[in-house]
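Several structures are given next for inspection.
Two complexes are shown next, each including subunit A; its partner changes from subunit B in the first to subunit C in the second.
Then we have the complex of A and B:
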């Protein structure tokens, strides 16, 4: 019974995390696309973009948040896909997904630091 | 309206086959009338299930031209394609024979979802007074008329993908009890309906809501459960 209660709590918290990260992503994607369209309307080179982003704490914070939201959101969604499509459930699946989350976060934050720091 | 219907009916169990029958067509004929004609006039070995014939008992649901329906209240005109009808057992349930499914798993899940009312009063206590105008009572009203026909369960893709999923009817029932101010199972029920086999597995495809013959929206009930369970989890009560 205690184990059931723990599982219920864990599943519910994952669900909340996925909905909350989706809300963050909805805003991040819109800001990202709007900025993209605005910034390149006259044509921009990579060097010019880097010149603008270097040292900007605002964009560093924004894209770090974006990356972390993806790292939370995508593995939880993939968790359901793996369960429903290939029947993969249990600890090994969750361990694999934890690794996947860390990979996304690591690669994303590395890119963010390269562009902004 | 053509004179006769070409009806293909599922015969046998899981590895059975569709068999063709020619059935005379009448005005205001229901799909259940068609099945009954086949059993009484053409093939007495056909197994199917029905009782009230007026949409109250929930026993005659079948898959008609690919769609789960209550057959006693479905006119042939509504379901027929040209003059073709294909009638099979409900999806997502084991077939006992022909059009009869084993509903045990469906109703066992009602019990797993704590679908039984648990009160705290005795016959010595005064009656509970529940205002029909209260928000909770109105939410119960929207979900209470379920007849347990299994149409939603048969129409649900998540049930097909995740055999442990409690399904729309059981979760809808749990929701009407969560909103019942007399019920005392509170957190126990929220725990029972949380997680991978419960409300969080619902993808909101809304097939249950589309197909429910009683016009209930189990998707809305399940969304209510998600909110209630989520609040309990955030408060640390779950």
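Then we have the complex of A and C:
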């Protein structure tokens, strides 16, 4: 019984995390889409991109938040897909998704550092 | 889900949201790896950007931007359905989601 209550609590927390991260991402994605449509006009060059981005604390903070929100949102979404479409549930699935979350966060923050720091 | 429901706009909105989400999750590590090239210097990033000018890569970029816009629009639809008293509008929201993603995709395509 206690185990069921814990499982239900975990599902509720994941649902809240998914919706809260979605709300953050809605703003981040709108800004990201607007920025990239603006940035790619006339082609992209590494020098042009990095000259604009390096040392920008505001964008560093924005994209760090973006990456962390994605690292929460994507694995929780995949958790539902794996359960509903291939029937994969349980501890191993959640361990795999925790690894995926850490991979996304690690690679994402590395990319943010490379472009904005 | 009942097969009869599959003809409804809501089912298509659900399917597009799910498939675009899976595609974006798979794309993210590649995207971050590509941007991380800048850590190895401007020349490394530049050579990656030149490689990305191939038509097939351009088409893939356009597709992923379209999927991102579709996932955003579909996600806003889900949030609206769950948190706002708009249940009678769900077909309209599905259509709006499609329109927003097509508009963003076209804007990106024209900017390329």
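Please note the rule applied: the second predicted complex is superposed on the first by the 113 of 117 C-alpha atoms of A that agree within 3 Å, B and C clash if a C-alpha of one lies under 4 Å from a C-alpha of the other, contacts with A are read in each partner's own complex, and residues count from 1 in each chain.
Quick note on the criterion: a residue touches a chain if its C-beta (ideal position, glycine included) is under 8 Å from a C-beta of that chain, and two chains touch if they have at least 3 such contacts.
Being a predicted model, the structure only gives us computed values, none of them experimental.
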Just subunit B (first), just subunit C (second), both, or neither: which does A:29 touch?
-> second
Mind working out whether A:47 is in touch with subunit B, subunit C, both or neither, as first, second, both or neither?
-> second
Between subunit B and subunit C, pick out the one touching the greater number of residues of subunit A.
-> C
First (subunit B), second (subunit C), both or neither: which does A:110 touch?
-> second
A:16 contacts which: subunit B (first), subunit C (second), both, neither?
-> first
Figure out whether A:61 sits in contact with subunit B (first) or subunit C (second), or with both, or with neither.
-> neither
Now for A:99: first (subunit B), second (subunit C), both, or neither, which partner does it touch?
-> neither
Pick out the shared contact residues on subunit A: the ones touching subunit B in one complex and subunit C in the other.
-> none
Of all residues in subunit C, those that touch subunit A in their complex | 18, 21-22, 24-25, 28-29, 31-39, 42-43, 45-46, 49, 65, 68-69, 71-72, 75-76, 78-79, 82, 104, 107-108, 111-112
Using the touch definition up top, name the residues of subunit A that touch subunit B in the complex.
-> 4-5, 7-13, 15-16, 80, 83-85, 89
Would you pull the subunit A residues touching subunit C in the complex into a rising list?
-> 19, 22-23, 25-26, 29-30, 32-33, 36-38, 40-41, 44-47, 49-50, 70, 74, 77-78, 81, 100, 103-104, 107-108, 110-115
Complex contact set, residues of subunit B against subunit A | 158, 161-162, 190-192, 194-196, 198, 200-201, 226, 229-230, 232-234, 238
